[in-house]
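Report on the following structure.
As written, the chain order gives the labels A, B, C, D, E, F, G and H, with residue 1 at the start of each chain.
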Amino acid sequence: MEKEKIQKILRDVKSGRVSETKALEQLRHLPFSDLGFANIDHHRSLRRGAPEIIFCQGKTPQQVAKIFLHMQPHGLVMATRADASHWKAVRKAFPRARYFGQARIISNQAIKKSNDKRYIAVVTAGTSDIPVADEAAITAELLGHRVERLWDVGVAGIHRLFDKLPLLQDASVIVAAAGMEGALPSVVSGLVKCPVIAVPTSVGYGASFGGITALLAMLNSCSPGVAVVNIDNGFGAGCMAAMIIKGKE
Amino acid sequence: MEKEKIQKILRDVKSGRVSETKALEQLRHLPFSDLGFANIDHHRSLRRGAPEIIFCQGKTPQQVAKIFLHMQPHGLVMATRADASHWKAVRKAFPRARYFGQARIISNQAIKKSNDKRYIAVVTAGTSDIPVADEAAITAELLGHRVERLWDVGVAGIHRLFDKLPLLQDASVIVAAAGMEGALPSVVSGLVKCPVIAVPTSVGYGASFGGITALLAMLNSCSPGVAVVNIDNGFGAGCMAAMIIKGKE
Amino acid sequence: MEKEKIQKILRDVKSGRVSETKALEQLRHLPFSDLGFANIDHHRSLRRGAPEIIFCQGKTPQQVAKIFLHMQPHGLVMATRADASHWKAVRKAFPRARYFGQARIISNQAIKKSNDKRYIAVVTAGTSDIPVADEAAITAELLGHRVERLWDVGVAGIHRLFDKLPLLQDASVIVAAAGMEGALPSVVSGLVKCPVIAVPTSVGYGASFGGITALLAMLNSCSPGVAVVNIDNGFGAGCMAAMIIKGKE
Amino acid sequence: MEKEKIQKILRDVKSGRVSETKALEQLRHLPFSDLGFANIDHHRSLRRGAPEIIFCQGKTPQQVAKIFLHMQPHGLVMATRADASHWKAVRKAFPRARYFGQARIISNQAIKKSNDKRYIAVVTAGTSDIPVADEAAITAELLGHRVERLWDVGVAGIHRLFDKLPLLQDASVIVAAAGMEGALPSVVSGLVKCPVIAVPTSVGYGASFGGITALLAMLNSCSPGVAVVNIDNGFGAGCMAAMIIKGKE
Amino acid sequence: MEKEKIQKILRDVKSGRVSETKALEQLRHLPFSDLGFANIDHHRSLRRGAPEIIFCQGKTPQQVAKIFLHMQPHGLVMATRADASHWKAVRKAFPRARYFGQARIISNQAIKKSNDKRYIAVVTAGTSDIPVADEAAITAELLGHRVERLWDVGVAGIHRLFDKLPLLQDASVIVAAAGMEGALPSVVSGLVKCPVIAVPTSVGYGASFGGITALLAMLNSCSPGVAVVNIDNGFGAGCMAAMIIKGKE
Amino acid sequence: MEKEKIQKILRDVKSGRVSETKALEQLRHLPFSDLGFANIDHHRSLRRGAPEIIFCQGKTPQQVAKIFLHMQPHGLVMATRADASHWKAVRKAFPRARYFGQARIISNQAIKKSNDKRYIAVVTAGTSDIPVADEAAITAELLGHRVERLWDVGVAGIHRLFDKLPLLQDASVIVAAAGMEGALPSVVSGLVKCPVIAVPTSVGYGASFGGITALLAMLNSCSPGVAVVNIDNGFGAGCMAAMIIKGKE
Amino acid sequence: MEKEKIQKILRDVKSGRVSETKALEQLRHLPFSDLGFANIDHHRSLRRGAPEIIFCQGKTPQQVAKIFLHMQPHGLVMATRADASHWKAVRKAFPRARYFGQARIISNQAIKKSNDKRYIAVVTAGTSDIPVADEAAITAELLGHRVERLWDVGVAGIHRLFDKLPLLQDASVIVAAAGMEGALPSVVSGLVKCPVIAVPTSVGYGASFGGITALLAMLNSCSPGVAVVNIDNGFGAGCMAAMIIKGKE
Amino acid sequence: MEKEKIQKILRDVKSGRVSETKALEQLRHLPFSDLGFANIDHHRSLRRGAPEIIFCQGKTPQQVAKIFLHMQPHGLVMATRADASHWKAVRKAFPRARYFGQARIISNQAIKKSNDKRYIAVVTAGTSDIPVADEAAITAELLGHRVERLWDVGVAGIHRLFDKLPLLQDASVIVAAAGMEGALPSVVSGLVKCPVIAVPTSVGYGASFGGITALLAMLNSCSPGVAVVNIDNGFGAGCMAAMIIKGKE
């Protein structure tokens, strides 16, 4: 699957340095390791430009800590949806880890201040959307990008949004998080040139159906230049934004 | 059920003008008539301030014409969701009838120009929402109210909306029709003082689900002062707006 | 966006009282303040005729108290969906606050008895719908309107409703809250002249789906003059009713 | 499975009239016949008190005619959801057949006028619900019961319903058909002592979802004594009503 | 609304025994009383043949006890969905009350053994459906009817059902409760002559969706003679069965 | 990916018969060919034990004929969901093709009579389920297996099913197709030892939702040994059954 | 229903060894026993090739223990969805029982190591799918089959899957468990010849809707040879796989 | 809202070149024109980097032609979802227009061959997804970008995808269209570094629910770097991809 590697193996077979059997074996071998309950994919960061992620929800603190420890020498590690108990277990296993509480992310690295002219704007409709939006922001920052945060600029008082227009219009990519009627990404996208990643949040009640209404509204945006990630998936939005801005480098 | 009527009957019984049996009969008697397939409720306009409505969808042109003819001496009649075949049958039966084609409404009355200072603003997000919005507008106009139409001012180009802001801010009540992500009523409501009747339309495709997305978005509006009617229910929105503005007279 | 303000700024520029740069700044400036996690919109009451609302659900007692304290000098403040812990925190921060427990509303003002001839009738189908209906009633009362409450008059024993008919028929606007099959607003609307705001409640079990059945039933009301707000959204219904009755003044 | 039959066979075996092999065969044998594409169940009317039914939808006119002809000597036959083409094919094959067009039922029998004191009341909310309700009424009449029809007595003008109250209160069982918000069965059930079979119809638009809203509303009826059949299932409601009234004989 | 009563009032007015004003008042007066939070409908048992029901879910033990005490002199009282805390409060207020724990019903009456030849068969598909089925059984028994219980006879081992066939075939009406795929009522109905009330239960997991699958399956029963009540609505099924069997007396 | 092939290439490289560049190319090359609008996968039958399938729905007759012609030299070809127009175009292009009209399948091969002791039983609940079931049956027969058909043995007359019990109990695998309440697979599975492939069909109306009810019921089967394919997916069921019985050879 | 048994009874009647009444009784009698709340079906293992299952969810530890004790002398017993409290109660009642904690299964038997050349491969997309997959694996092992486990080989890093390709391609049947987008079974099925049982798991968040997304994706697999069981139904998948592999013996 | 413009107006007011009234007017004026039924937004291409779009679905050929003609002097115009009748009307009005039939797009411009090293890869799972994918491709090409098409590389035969791996891995952004189980974007995203825009298509049947299954699967992708647009929204995907690649210039 990887050209150079295959070429190398072929050359080794040709030269007799490597036996046919062993070459066959090597062609199968890819760099991941097995903890019994998880196949860790160390070369993902090479292949994908994304760190290895530990999705903590549904994993015990011990499992998370063990995976974290195993992965941390191989580059940037992020544990998402980490609660206090996960954090406690990881910190004990790896005292240099950091916890971004509002975003519920544990990492083996700190955020380095970026002075990049290009930045990702992360906006929320309301204050309740902040944890999801911050997950996107921290993710992008850990991946090395500059982020500008604009909290609580929803459409019910649209002048709050217009006040921040220049910051929006100069962004390279925007992440817009909203619950309830999910109108923010449509309105924002109608005002800017850059792509908008819409993140529906589960904020709301009654017929908001845990974010489905916002999700549907965003998918039906009448404004081109909006694409959507899963409900509350701040991490996915942050990754997507990072991939987009990276291409611009 | 109606105080004066019952008092009248009671007095008649007391005075002997009316026998007990007959009084009992009168107490039951309410002014509707029976066409075999429809119980026409002539005194609805007294009781409700609304005309008798013929919902044409699913009725044959002949049925509609017959009901129309029966009802038309009793005041304002409106036949909604009327297609060309309904119109043809009604016109034949009652040549003075009028047809509002875009709104799909047949009526026995013309629209009288209103110079009322107060008016209902009817706005649409896109051009495809116009038939539904026009059903609301014609309904309100037939009921005697002044209507201002603002077509195609959706949130993807929000400056089009702001251009019309004074017209919106001076309205007594607003009807806002939108399909797709249904964000218009939220944004409009955030800019005005008057109540907003939101009408989801079945405009859109894919995950718009025939108007469900717009409906849900409107129900979840983060802006107070928005209430919602059924998908594509322009008539209902027009009636509701008329009832609201009527109270203000 | 606001005519007089812009005119004032233009005049100041013309007269030289204000520099071009500063004018530009002023044109952007709108009176809201930033608490870090919330953009408070102080002039909403001017613009919308509605108080600033704190939606407590999902906010910590401390956040609610902080916002409450910040907002309370600027007019009527209402914190909705407030539980006992929110109330405790607000009372500590602002001892003159009031708590309307059944409606789960905290306010910085008391309800003033209104002798208005016009009133909002708030009706419920069952006793379980009362908290939602009371949220509507308290909201409307805090906004200065007279409210008449009619609890437990659902359609399964329809004579209970007829007993209250005069009170319904004299109302300027009706808020009707019901769960389960949600039939009350249709029946009520068929008996009165005024607009009816229908509030589906999450009361019920099984195929009531947390209020969806009532919501759908209300949206499909065969009676014109019914508009619907979100499930359990008593506050929204109260606001909408207040806006409607206000127009009648 | 049927006691007497098994006893008979057992006695025959005992007496030697019937061989063991044959008895085994008989125990398996039940009176249905095979047309290749349909297993007709002739003794259902004995076992169930219901006629054999041909559900025409999705069957060709020829298939329907063939099954009809095969079944018709065995008692009452009903072909439901029969359109004009089915009727044409059956009439050709069996000229004495009858077609009840509004109810879309073909039968090999005429309706015999019943003078039974007990009757089934079949009511509809609107005129569009009549075809479904008439399917229930014709079904019950073909099964030999007296039916009283009350069309167009929906809750938006509830006095029309009250006018018919005595007819409802004297019924032995009521079938109530309604689309849109489906409130009629709840209201009716609250006024009578007998069981109510609710039939949701697909009448409506938008969020009526082809009858789902009415179905859900009926299932959530706050009035005990209501049970529900499938959307537009007039035949099922008629059968159920017939079974209930039969028990009362 | 009630003939004799109105005649009586009319006669009193005629004879002068009663003033016009008072007659008007009486015509409005129906026998229910107001506890502030509940309109108790004492004459429902006369009008409907059903007891007054207290639906405990969502009511405090104190509210339930207060209503129970108020209602209990007026005939049979049933409090459904009563948990231990409701029972404790009622027992304290009214020591002669009874608690049927599995059915979660509190009543002011005991069950009287019925020797009626006619009976209601209540069957369940599995053991987990028993609480719902028992709610139906106890309801019918408190209303004075004989009930036969058949637990755990679902279609996965259909011989268990056939073993009970005679008991099913002699029933006057059957209540069949099932969760998961909800096939039991269809199979039962295909084997008997009497009407079958199907009760979907919320038993199951995954795509059973809290009873929706069973509900849909029952509504789509290919066997005529099945009608359905709400998910887990044992009380409703018991009432319906009682109304049906009552008519047969 | 295929051991022998890779070994062959490696040996060729080693021996110098093949250059490194060419070997790299060969490692990428897999036997499929490109028609511009379709990548035909010729070695699927080797890899999967399944023929190449042409899903006709949404393809023009010309496209189907072109693909059919291209594929037909490579072994068994099946075109599913083929209507008369597809058949006409294929027959013109390849006169030896066969059309199984009820199953809507075109093939380049005839069905060979199998005398295998093992067989697949294909059963339907009603006559309307036959087209879907026949698609499963023809698929399995074209793949070389013996099929026994049992049409119209649904649960509403369960004795029809029991009459065929021996044929069911001797099958190696059963395909059970049903619409409406979808109960057949559960009942069948409870009576046999072999695996049951359940096929929901879109037969039904109202709350059958085009097969969703049957699908859900089958997924919730209380009987182990049932697995489900997509609605109306007779082809998939036939393939699955063929794969299962093949393993038994 | 069972030939030999019926023949035996018929012979006994013929010979006079058994009276007619008693024979009738015997024809009804099938070997299950009644615990009051559960009809235990002892001969299911004969009839179905499946053990008697106790579904613990919703049963008290005492109920589970009592049923377990009653069933355990009759062969293999499995209690599924057993939590620690169920295990505690069973172990006390039957100390030789075993608990497979990750799979939440209690059994009266240990797993016997199988050396069968044929095996079931059980694969998961992620680590969170392991409990469901292990339920399938333990079930199949208790039923006597060899199982190979492949955890965490989902499609986001598809090389992990290819690394295990030989193990997949030699399996007789594959169980593939996945949550989120549920793509694993499609991809696996495209690479192998054997049937694939797909198990959607409730792993995921937001629009995974507790496994519905994975379920739908699996039902829509574009690869023939995939059939699906209920969400999280590891036990059902294990049974199905065992039935399939058994046929191959 | 646009800085320079406002500054210009302010300067004009200051200098007296423009009166206060007129300046106020200018501040409101934004460059769009009114056709009566449509507010055309000419400066969108400046503001958004996107052309003005005419969504033809639901518009008459005449309306489309009129808008097209009005817009075409202002830059790139695209009419999407255009069928043959729209094309005929536009061509008559503007003979130089072009029609891209498979993509259903009419434009006033031809596609200019791009030699850009950077390109958008557009891939489909099957042949039926091509029209939607081609809408994305043509959109991006009209916007000036280089597109590489990869049709029919779905996951059921995953070697077809791997054959094209280099083309995927060198893309700057990928648009992946798939119906049915919608697995393609997840698998593709796991193999590349660039962002993936997932387009669910309505291809499929049964439980594919017109694209909902694919939509949900894509939203739940376990691979970061995937964002989703509406079902069949090829235009939206093409725009989003163009915006992303543009940033990279």
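Convention: a contact is a pair of C-beta atoms (placed from the backbone, for glycine too) under 8 Å apart; a residue touches a chain by one contact, two chains touch by 3 or more.
Only a predicted model underlies this, so the values are computations on that prediction, with no experimental measurement involved.
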Top of the farthest list for chain E, CA-centroid basis, is H
Note to self: chain B rotates onto chain G (CA fit) by an angle, in degrees and to the nearest 5, of 180
Here the gap between chain C and chain D, centre to centre from mean Cα coordinates and rounded to Å, is 49
The distance between the C-alpha centres of chain F and chain G, rounded to whole Å, is 25
Chain centres from averaged Cα atoms put chain F and chain H apart, in whole Å, by 38
Chain B residues touching 2+ other chains are 1, 3, 157, 162, 190-191, 206-208, 212, 215, 219-221, 230-231
Residue positions on chain E within touch of chain D in the complex are 1, 3, 47-50, 53, 162, 165-166, 172-173, 189-195, 197, 215, 219-221, 224-231, 235-237, 239-240, 243-245, 247-248
Residue positions on chain F within touch of chain H in the complex are 1, 28-30, 32, 36-39, 41, 44, 55, 57-59, 63, 200, 202, 210-212, 215, 230-233
Listed in rising order, chain D residues that touch chain B in their complex are 127-128, 130, 151-153, 157, 159-160, 162-163, 203, 205-208
Within the complex, chain F is touched by chain E residues 125-126, 154-158, 180-183, 186-187, 189-191, 204, 206-209, 212-214, 216-223
